[in-house]
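Comments concern the structure below.
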Amino acid sequence: MTKITHLTLDVLKPHQPDIVEFATRLAAHGTGSAVTIQLLEMDEQTESLEVRIDGDDIDYEGIKNTIGALGGSLHSVDCITVDVKSKS
Amino acid sequence: MTKITHLTLDVLKPHQPDIVEFATRLAAHGTGSAVTIQLLEMDEQTESLEVRIDGDDIDYEGIKNTIGALGGSLHSVDCITVDVKSKS
Amino acid sequence: MTKITHLTLDVLKPHQPDIVEFATRLAAHGTGSAVTIQLLEMDEQTESLEVRIDGDDIDYEGIKNTIGALGGSLHSVDCITVDVKSKS
Amino acid sequence: MTKITHLTLDVLKPHQPDIVEFATRLAAHGTGSAVTIQLLEMDEQTESLEVRIDGDDIDYEGIKNTIGALGGSLHSVDCITVDVKSKS
Amino acid sequence: MTKITHLTLDVLKPHQPDIVEFATRLAAHGTGSAVTIQLLEMDEQTESLEVRIDGDDIDYEGIKNTIGALGGSLHSVDCITVDVKSKS
Amino acid sequence: MTKITHLTLDVLKPHQPDIVEFATRLAAHGTGSAVTIQLLEMDEQTESLEVRIDGDDIDYEGIKNTIGALGGSLHSVDCITVDVKSKS
Amino acid sequence: MTKITHLTLDVLKPHQPDIVEFATRLAAHGTGSAVTIQLLEMDEQTESLEVRIDGDDIDYEGIKNTIGALGGSLHSVDCITVDVKSKS
């Protein structure tokens, strides 16, 4: 079984919803995970974010959909870690 | 359940109340948390602060209100970590 | 017995399959290993990746074949660690 | 209960009392704490110091008064950490 | 008794045998050791490698001979650690 | 009780006694301490040293006198740590 | 009792004996110690080395004599640590 245990995402979002709500909504997708968002740049309309997600089994599709539903766009997956557990 | 466990805030405040009282007032919002304030820049009227808050469950709204009540303004949330605990 | 326990690979790939699927497919080659892919550069047609693989006994030939099967090309092996276990 | 557990102070002092006595006098204000003073710059009349104080419950007013009593002046509090312990 | 426990070697080699076989062959000289090879530079004919070897008792002569047998040349020993164990 | 547990000293000394004897003589002043001397600059007549002393209770006056007795001069105390132990 | 527990030496030596033999010969002077030699620069006739020695009680005179006997010259002692053990 392969599981995603880390993602670093490059995300652009409008000012609303704010970064605190954005992080809370993304975090709601996992169990036993943590979402850390760093504000890289802010201009009049948008914010550039580095979103780092650590977890036991990250739901990438769910994360991607939530970013879109919150008005953000996922520019790139800058880092991903996939762990392999033995099948037993 | 999602809980905010880290905040880095970019804050501007007047010289009074001083940084020691400012930190003590912000710290009073949490239990089991720590507030670290670093003075980034000081000019005639104001001080730029980096406020770092670590805790088990940070009350972001309360922090934001207290900054305002002390005459400061919250420029941006530069970093946030949200942890997810299993619901059981 | 010698076993490969780390590889850092310089890989070029087209945009599809995306980096998440790419990592998952490479990870499926090992047991007890982890694959971390960092996006170094992206242009119109291709993505430059640094692929880091850690494991107890990495199947280099399998990794190389899978990269090719996914449309990628392995430019170089930038780092390799080989461990020696006693034969008993 | 909030308690100050770290202070970084920017202090200017005359050459006398020397840095060793200065540190010893500041340290006498706390229990279970440590005072580290780094000499940043020395000119003909004065010395610029970075004073770092770690402790369980730092007496900021006492520190401030002692600096003044020793002929020094506290330019700014460059870093402060306030810990919150549960009230029980 | 003195034993070599670390070597960093500056090695030049032709493209064949590849870096994976090269590392595996060097590793076969020791027991309980690890060989890490980093590719520093690659041109049309040759590859510059930094070869790091850690072990309990590294066979330097054997390593040197194997590098030669594989068509490589040892430019310099850039770092060496020799441990001394008491004779009892 | 306050005790000096660290000193970083900026010292100038003639070439004789050499740095090894100099360190050994300074170390003889304490118990359970360590003296580390780094040579910063050497010219025809003198050597600039950074002298770092760690100990449970460093005898600053003794250190200062020994530096003078060995022909050196103490330019400045660049760092000092004073620990406070509870009086019980 | 004072004992030398670390030395960093700046040494110049001819190409022969090579760095591996040089390190082995220096290491033979101590018990429970380690000698690490880094090659800093190599020209036609000589090699500049940084020799780091860690041990419980380093025999500085013996080290110095061996460097000379191997055709090297000790330019400077760049770092020395002397530990003080209580006499009991």
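Order as written gives the chain letters A, B, C, D, E, F and G; numbering starts at 1 within each chain.
In the analysis below, a residue touches a chain if its C-beta (ideal position, glycine included) is under 8 Å from a C-beta of that chain, and two chains touch if they have at least 3 such contacts.
Predicted model only: the values in this text are computed from it and were never measured.
Asker: Could you give the fewest steps needed to travel from chain D to chain G through chains in contact?
Answerer: Each step joins two touching chains, and the minimum needed here is 2.
Asker: Which chains contact both chain F and chain G?
Answerer: Looking at chain G and chain F together, no chain touches each of them.
Asker: How far is the middle of chain C from the middle of chain G, if each middle is the mean of its Cα atoms, in Å?
Answerer: Spacing between the chain centres: roughly 42 Å.
Asker: Distance from the CA centroid of chain C to that of chain D, rounded to the nearest Å?
Answerer: Spacing between the chain centres: roughly 53 Å.
Asker: Cα centroid separation between chain A and chain C, in whole Å?
Answerer: Chain centres of chain A and chain C, defined by C-alpha means, are spaced 23 Å apart.
Asker: Which chain D residues sit where two or more other chains touch them?
Answerer: Touching at least two other chains: none.
Asker: Quick one: do these chains touch in a line, a ring, a star, all-to-all (complete), or other?
Answerer: Contact pattern: a closed ring, each chain touching exactly two others.
Asker: Circling the ring from chain C via chain E, which chains come up in turn?
Answerer: One full turn from chain C through chain E gives C, E, G, F, D, B, A.
Asker: Could you list, by residue number, the parts of chain D that touch chain F in their complex?
Answerer: Listed in rising order, the residues are 18-20, 23-24, 26-28, 30-39, 42, 55.
Asker: Using the touch rule from the top, collect the residues of chain G that touch chain F in their complex.
Answerer: Of all residues in chain G, those touching chain F are 2, 4-6, 60, 76-86.
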